[in-house]
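Take this structure first; my questions come after.
By letter and in written order, the chains are A, B and C; residue numbering begins at 1 in each of them.
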């Protein structure tokens, strides 16, 4: 897949590779995301999506390839440094700070930009308000449901005032209404100028939310295009969607 | 109870503690209280790294002993004023902490590995202090000259012969001041970004990193602060007892004492310190009465108590009290 | 709960009546009734926080209910130990897979069947590998290195090693690609055809209702809707809350 280097690219990944022992987790992955886009990264489990995120955000060192964030080479940068530059990432399995309140959890994110405690707490409250968590500020993070934890992940990342959000399966475990809520929230976030890359299995969200999608299978990019294009792509159907889901999506049904 | 709540509760103890001379005149009880507060200082030092930072050190004697040795040696060999050597003692402990911290955190040593590394360093310094006789006087230890002139009491930071009031309460107030400093440091830490980030690292290091927290720097900061507070205990010890040797400085006793108080107290360290010494004194009495002096028996008992506490009340005494408080106030809801 | 049967030969596998359960002093379930007949697939739908996990933990004996009864194969199992419940054939495959990451696939499966004798284990292992050939290929691989879909298969396979008569599947489609989800539901259908009763706790409404005979909706800690799947699919309230239509 030829790189599409545009002046408006927020993220440009070229030829990224990662091998674990004998396993080629990611092979020659290339993608680019323009400012203000919402791009989905989909693919079967074990395809290397989370590994890709880990490399982009600094948790793993790529064996080869480049990562450019806002035209700046960030390969090898530690995660906290990438975060300071404006690249925030959530985890597939939510990792709240269990013994802290929701408020304090989010405040940690705010501290990336704000040194003073009361400022960070104020920002945190604001972010919580925006995501509909204001009533749960004092709740123990450890007591949240799956949906609550996912929302908290999002809130914390948002509090770091990112330019780019990497969201790893933020919809997993949510029912249709909750998904709609998050989709609306993400649209709102994009409207403020933040670029979003999503790893997702929930085709409902992929279809309604993303401008473009990349499909990863066995570590390789096998397709890219608009959601409509990739859901019709036979390779994608074979490897990932299955004929039942593809048919339902083609029919216009919202659930896959 | 929140961590803040616990610090406040601890802080509230200071008024009655300061007023002790008004009620307590027995030298024995003052000794008991001093010992308790000393353990509390050690405990608070450990707690910054262990309770707040989640990095459990088994070798805090390293910082205690280094500070003690510097405090003693600079007076002994160079005749410096203890008020000057104090700063070098704290600095020395922090330098050692920087070394251990860099090695451990740079290479991602956590949990048991970190505990073992700290233990190893403490033992290494134990052996070194015994061997480098030219520097440390080896096994003979360092004995400071006793000052018997009341007029020189403050200059030499020795209160044993400083008149009726100070000879009883001088060191008591010293350790109380040191404990106040330790508490103030922890109080400050809780209100800053550094404190929040430290706790975040404890809760989930990867998540903290993803949120812009430089875990390495934060942990390093924690071990430095921890060492500085622990150094205060070392300084007090030298001034009070005027003697230090490799065993006292770097032996396991201080390391164990440092972690006991926070764990049993449930990270409410003063509470834990009281409990330890209360139990300690009582068991010594009981053992003395029924079994006579059998060295080591009280340590066995201590071990049993620690196991029981960790097994049934992992959040320590403060945790139990907190539970009771919660149960009492929750009854209103259901 | 009075249930009317068209035919007296339909046996009740699991019968939950008036269940109140929760943690500490707070009830999460307030009077839940549900039933699974032998050979049925019953779906339990509901939003997060509605109490599905609590219900599953109560059924497997991890939490003791405050009030109510649970009858499995006609026997009252409230207050019995989780081991007894497993031995009776009520197997819970928990949410999020929860396989042993540092054990191999084979070891994980063996853990599922350790209560049974060696002959039974061999037979069950054969059954599991027949249903999950992909697992057989990876016997020596560490559980933690499997992909999400493979881990889900392993979790179900491990459950099957205990010779379940009723399998409680907690969100088996969580985090799986659409293709795998389809395979998963097909598989559940296959297992059901072989005689296994299933209580399926899910978010994926369409596909759950497609294979289930009956369904319950758990909302705000009590059952608010129940009925045959076809009827539920038509239900306006359900469509609004869960299908977002």
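Here is the rule we use: contacts are C-beta pairs under 8 Å (C-beta built on N, C-alpha and C of every residue); 3 or more make two chains touch, one makes a residue touch a chain.
All figures in this text were calculated on a predicted structure; none of them were measured in a lab.
Peer 1: Please identify the chain lying most centrally, where each chain is represented by the average of its Cα atoms.
Peer 2: A
Peer 1: Which chain's centre, taken as the mean of its Cα atoms, is farthest from the centre of chain B?
Peer 2: It is C whose centre lies farthest from that of chain B.
Peer 1: Quick one: report the Å distance separating chain A from chain B, using the average Cα coordinate of each chain.
Peer 2: Roughly 45 Å, centre to centre.
Peer 1: When the centre of a chain is set as the mean of its C-alpha atoms, what distance in Å lies between chain A and chain C?
Peer 2: Here the centre of chain C sits 30 Å away from the centre of chain A.
Peer 1: At what distance in angstrom does the C-alpha mean of chain C lie from that of chain B?
Peer 2: 52
Peer 1: Sort out for me which residues of chain A touch chain B in the complex.
Peer 2: Touching chain B from chain A are residues 57, 59, 78-81, 83-84, 88-91, 95-100, 104, 107-109, 111-112, 115-117, 120, 156-157, 159-160.
Peer 1: Per the contact definition, I'd like the list of chain B residues that touch chain A in the complex.
Peer 2: Within the complex, chain B contacts chain A at residues 191-193, 196-197, 199-200, 203-204, 206-215.
Peer 1: Spell out the residues on chain C that touch chain A in their complex, using ranges where they run on.
Peer 2: Its residues touching chain A are 45-49, 96, 146-150, 171, 174-183, 203-206, 241-245.
Peer 1: Which residues of chain A touch chain C once you look at their complex with the stated criterion?
Peer 2: Of all residues in chain A, those touching chain C are 42-46, 92-93, 145-148, 169, 172-180, 201, 203, 239-242, 244-245, 248, 253-256.
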